[in-house]
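First the structure, which I've put down as structure tokens, then a few questions once you've had a look.
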Amino acid sequence: MTLRFGLIGTGRIGQVHAANIAAADDTELAWIADPFMDGASRVAARFGGTVTADPEELLTSGEVDAVLVASPTPTHIDLIARAVQLGLPVLCEKPIDLDIRRVDALRETVRAADVPVALGFNRRFDPAFASVRARVEAGEIGNLEQLTIISRDPAAPPASYISVSGGIFRDMTIHDFDMARFFLPDIVEVSATGTAAFDAGAREHGDFDTAVVTLRSSSGAIVTIINSRHSAVGYDQRLEAFGARGALSVVNAPTSLVSLSTADAVEAKPPYQDFFLERYAQAYVDELHEFVKLVRGETAASPGFEDGRAALVLADAAQRSATERVAIRVDLRK
Amino acid sequence: MTLRFGLIGTGRIGQVHAANIAAADDTELAWIADPFMDGASRVAARFGGTVTADPEELLTSGEVDAVLVASPTPTHIDLIARAVQLGLPVLCEKPIDLDIRRVDALRETVRAADVPVALGFNRRFDPAFASVRARVEAGEIGNLEQLTIISRDPAAPPASYISVSGGIFRDMTIHDFDMARFFLPDIVEVSATGTAAFDAGAREHGDFDTAVVTLRSSSGAIVTIINSRHSAVGYDQRLEAFGARGALSVVNAPTSLVSLSTADAVEAKPPYQDFFLERYAQAYVDELHEFVKLVRGETAASPGFEDGRAALVLADAAQRSATERVAIRVDLRK
Amino acid sequence: MTLRFGLIGTGRIGQVHAANIAAADDTELAWIADPFMDGASRVAARFGGTVTADPEELLTSGEVDAVLVASPTPTHIDLIARAVQLGLPVLCEKPIDLDIRRVDALRETVRAADVPVALGFNRRFDPAFASVRARVEAGEIGNLEQLTIISRDPAAPPASYISVSGGIFRDMTIHDFDMARFFLPDIVEVSATGTAAFDAGAREHGDFDTAVVTLRSSSGAIVTIINSRHSAVGYDQRLEAFGARGALSVVNAPTSLVSLSTADAVEAKPPYQDFFLERYAQAYVDELHEFVKLVRGETAASPGFEDGRAALVLADAAQRSATERVAIRVDLRK
Amino acid sequence: MTLRFGLIGTGRIGQVHAANIAAADDTELAWIADPFMDGASRVAARFGGTVTADPEELLTSGEVDAVLVASPTPTHIDLIARAVQLGLPVLCEKPIDLDIRRVDALRETVRAADVPVALGFNRRFDPAFASVRARVEAGEIGNLEQLTIISRDPAAPPASYISVSGGIFRDMTIHDFDMARFFLPDIVEVSATGTAAFDAGAREHGDFDTAVVTLRSSSGAIVTIINSRHSAVGYDQRLEAFGARGALSVVNAPTSLVSLSTADAVEAKPPYQDFFLERYAQAYVDELHEFVKLVRGETAASPGFEDGRAALVLADAAQRSATERVAIRVDLRK
């Protein structure tokens, strides 16, 4: 049976979800909500669906089986709460919110409700990362001792964005915190170091553009996250899982199979992909597919509300650690 | 304006074209012909289109603007002839035919007609090969002196197929002959060496499963084609353009960004893609797109009837060379 | 003119220096001191030199122009002091000592004396690291923002060694601290996280076998050092200098140009070199060569006493940080 | 016991052998002959040995146990003949001669004599090629079906050299013919294609600067050799052994572990080594070592007179094939 989706938010990432919902055999774009009606209409023209400016109308239409929340972060909490209240499964883009108190206020409601709530940590669905995780779980490299994540965006966002982003840890590292927890769910300590090495916007708003975070897992493993808000070579997304018997590595995705060799340099390849929409195109497809299975009770694999909350707890701890220059203990099991 | 396609043949490759025609914004699958009506109906159910067992009905329906011929090789000549007669542009899968006399018999008709006829040498549209060719043309490596093509299929076809294939040169190397001519159109000499190193079917039918072909271009460049009917590591499709100032290389497409390092071996990657439908998926899309532009008079880039004929002339010469053990001169400009 | 060397200590690393001194055109192995006379005699038989059990005899022989100290760490301080007193240039293996108070007690003497004292941080002379540093200095990647050092030994030392090693930071990371300062001399803060993930010896002696250290430079750059006492794939020595305009990377040294591709895995290479004597063979040669130039007043490039002290200050800070779970500020300019 | 060497010829390659003979523990440079006495004296000053202008004096000195012939090609035949007559083992640089009739005239003498005669096909001793061959022999990739050798020199020699070189096949491809026979000794057919694509000297003297040779083995395997007299990226020496169960590949030797990534290109490495003295430095050492073992009766692994002859037979066949445009059958077992 086709799952009818209500999509809330038609920005860059909303459009990706719209296309994927329309393309899959077992999903359908039924309703689209966005106060910017032009955006909603454009998406509807392309992929179908009834358009509204008001999410409430979508949620109570009786014509959607699941909700995809891709609207601005400050709206997430209320939309999740309302969807859960109506018994509608939700796939919500990360982060849940920038304020842990607001997240905690919703926590019991979500826990109590018998409705699937999934968080859009799309990188878990990337075929490379998913494969490494499965192979680590299968014991291919023995006990996991170190996880190294290099994650650099192509270019720093405008200062106006920085000012409302919640800072690099809540805005950008949040993905890496979840990736760390994909391998090592029970993180117990966070140490972070940040600088504003190049970006005037970061400096102006007391934010960092360059950061390194070290996490300790209750298993004794150490995670290292290396971040930068810019990368001249393109989107830099690498990972190394280092275990007792070997290592599994994910390199950057090549944009071409072609290399050039001359008297100046050999085997030179073109720069990496520009950004996440290309690098994680397949991950978004697989994420949607997994969410459909979750709604149907066929899997429990999707990252959920608790994962979204845990990533925010780690981001908050990193922010404190980077400011107060101490390691911060956390208890994600509470 | 949408280009209405008539698709003839709904086998493996016909289905790829059907999907691409249905997916593109400016094309539509209007008619589908296949004597195996079940196949045609399945494709129509998925991608639309009126179904018939008889290509003539499709060609004369008045409802198709262009014809895509993906039926068995022996039908190509007649279908091209009829389409051209009706003024319908054709994109025909390779080869035109296995018999150069039949091709030559059609040659004047095609030349005289003012109808675009394109040949499905899809590899020209592969982003990697197309990029190397463009960069060679742009002079990035200076004068092209050597072209090396390694082209190995994953596994030998059944003996029953070998017997009607026309032999390795007409069936498999034909793609590499066209790739050679993509870079160096004016080939003047062909030398070929073949053996049946492993395949009982090839041996039984006097065919080769392993072959090396050397081509000389009128420009003085030498092309080397290295073929095998099997490859334990997967579909092996590499190319090196070697010029006076450097080289441009195409490596095999990785199937994953993951590598494994252990005490036994480091940086070990998963085997290559299985076969051409995956390796050249994008090429088929771009090939269709380019054909649409050709029909609209916006480009002349597609390989055409003369390219299909030239590849067959080279295949025939290779067959003779491999048998008679002499180099064979050819004149493709005649 | 030939520089006559007195070598003190004929263990594993002393033997490397003996061979290099004997092989170079402008150096000569004149005296060899080791209380284990058998070792000294074996070295003398191979590379020449007068043998003694007593370093004092070597130092006061009047037949040596420079001293190479490769004896156990606790002897370094006194040997450096005595050599400097006698006006003899010294190349001393790292570390100067495990106790910063003893190092500081010698500091003024070394500063005041007009005798070259070089520290054996051999990795600075590795052609790959030296090249990256020169290219960074030349501005090839713009302002250096992040330095990532992965440094893993093949296998953990015996528990007996762990107990006298001074701990992972003073024993193993000390090289990485110096490498960090090779690029960014003015480190102002140290954060460290360690665990005993696999080694019973480390656990028993309250040491770590796995550690991550983050350093901040006064320039605003961040250094990440990732350590493990073992590595199934062999000696793991990588570095990435990440700058505003690009990155320079050092990969592990291949032990062979051969790779294997099969149906299981493609491009699989043999494991990395076993350990530092092989990986840094050329570095030891170049280190000696540079020291000779230093003695001759032709360069000031060698790492010296202050570099040895700085590395120990960073190691001490890392130890405190890893224990007390706070970032430690340091002032290397004092 | 130390093997006393007489070295005849002190050019570029003679000096390499002199250094290796002097450096090994079990060999000694006893006599050096070269009509250019200056060269001989310089080598003697560095590595020891008595100097003469006349090889006969060296051969009959009674002070040499083995002879290393590194003099110009036209002198090889007579020197081998005389050494064999005197019962002195010989390691002779390739080729034996450019004229097969002169080689054949010596053949019976060498066969009849009970004196080891080794040919300087140094590439057999390269650790990478030797390892691939050992692994192929061990069955690691199953039956060997194709061998591909890419062999390009950095730059074309002067026209004056071309005129006396015997042509590209006898001068340059000769190494590749022997490499082919290292894997597949019984070559039965040769096809060659050559052009003068860029070098005026080659054109002037009727030689080729660019060539492709195809060999057939009695086992049914096909060898492809791809040659060029120049290569902008440096010395290009690659090999792929392709078998029923996989492939073993040798890539070019990197000159550095460093790669550069910028917005223009990623993972760009420095050009390859300049030429054979660097690329095959270890091979020359191992070749000498193996020859010493041969003299001592401990191995029969070195390529010998028959291998030198076989390579020349293949070169002659290639020359005929490239000229007459036919495949040439050869019988190396006769």
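Here are a few things to note about the model shown:
Labels for the chains are A, B, C and D, by order of writing; each one numbers its residues from 1.
Criterion: contacts are C-beta pairs under 8 Å (C-beta built on N, C-alpha and C of every residue); 3 or more make two chains touch, one makes a residue touch a chain.
Computed from a prediction, not measured in an experiment: that's the story for all the values here.
The pair with more inter-chain C-beta contacts, choosing from B-C and A-C, is A-C. Of all the chains, the one whose CA centre sits at the greatest distance from that of subunit B is C.
In this assembly, the C-alpha centroid of subunit B lies 58 Å from the C-alpha centroid of subunit C. If each chain is reduced to the centroid of its CA atoms, subunit A and subunit C end up 41 Å from each other.
Among the residues of subunit B, those in touch with two or more other chains are 141, 232-233, 245-247, 252, 260-263, 267.
Residues of subunit C that touch subunit B in their complex: 232-234, 252, 260-272.
Note for the complex: subunit A touches subunit B at residues 127-128, 131-132, 135, 140-141, 245-254, 256-263, 267. Listing the residues of subunit C that touch subunit A in their complex gives 141-143, 145-146, 148, 150, 152, 189, 191, 193-198, 210-212, 214, 216, 220-222, 224, 226, 228, 230, 232-233, 242-247, 325-327.
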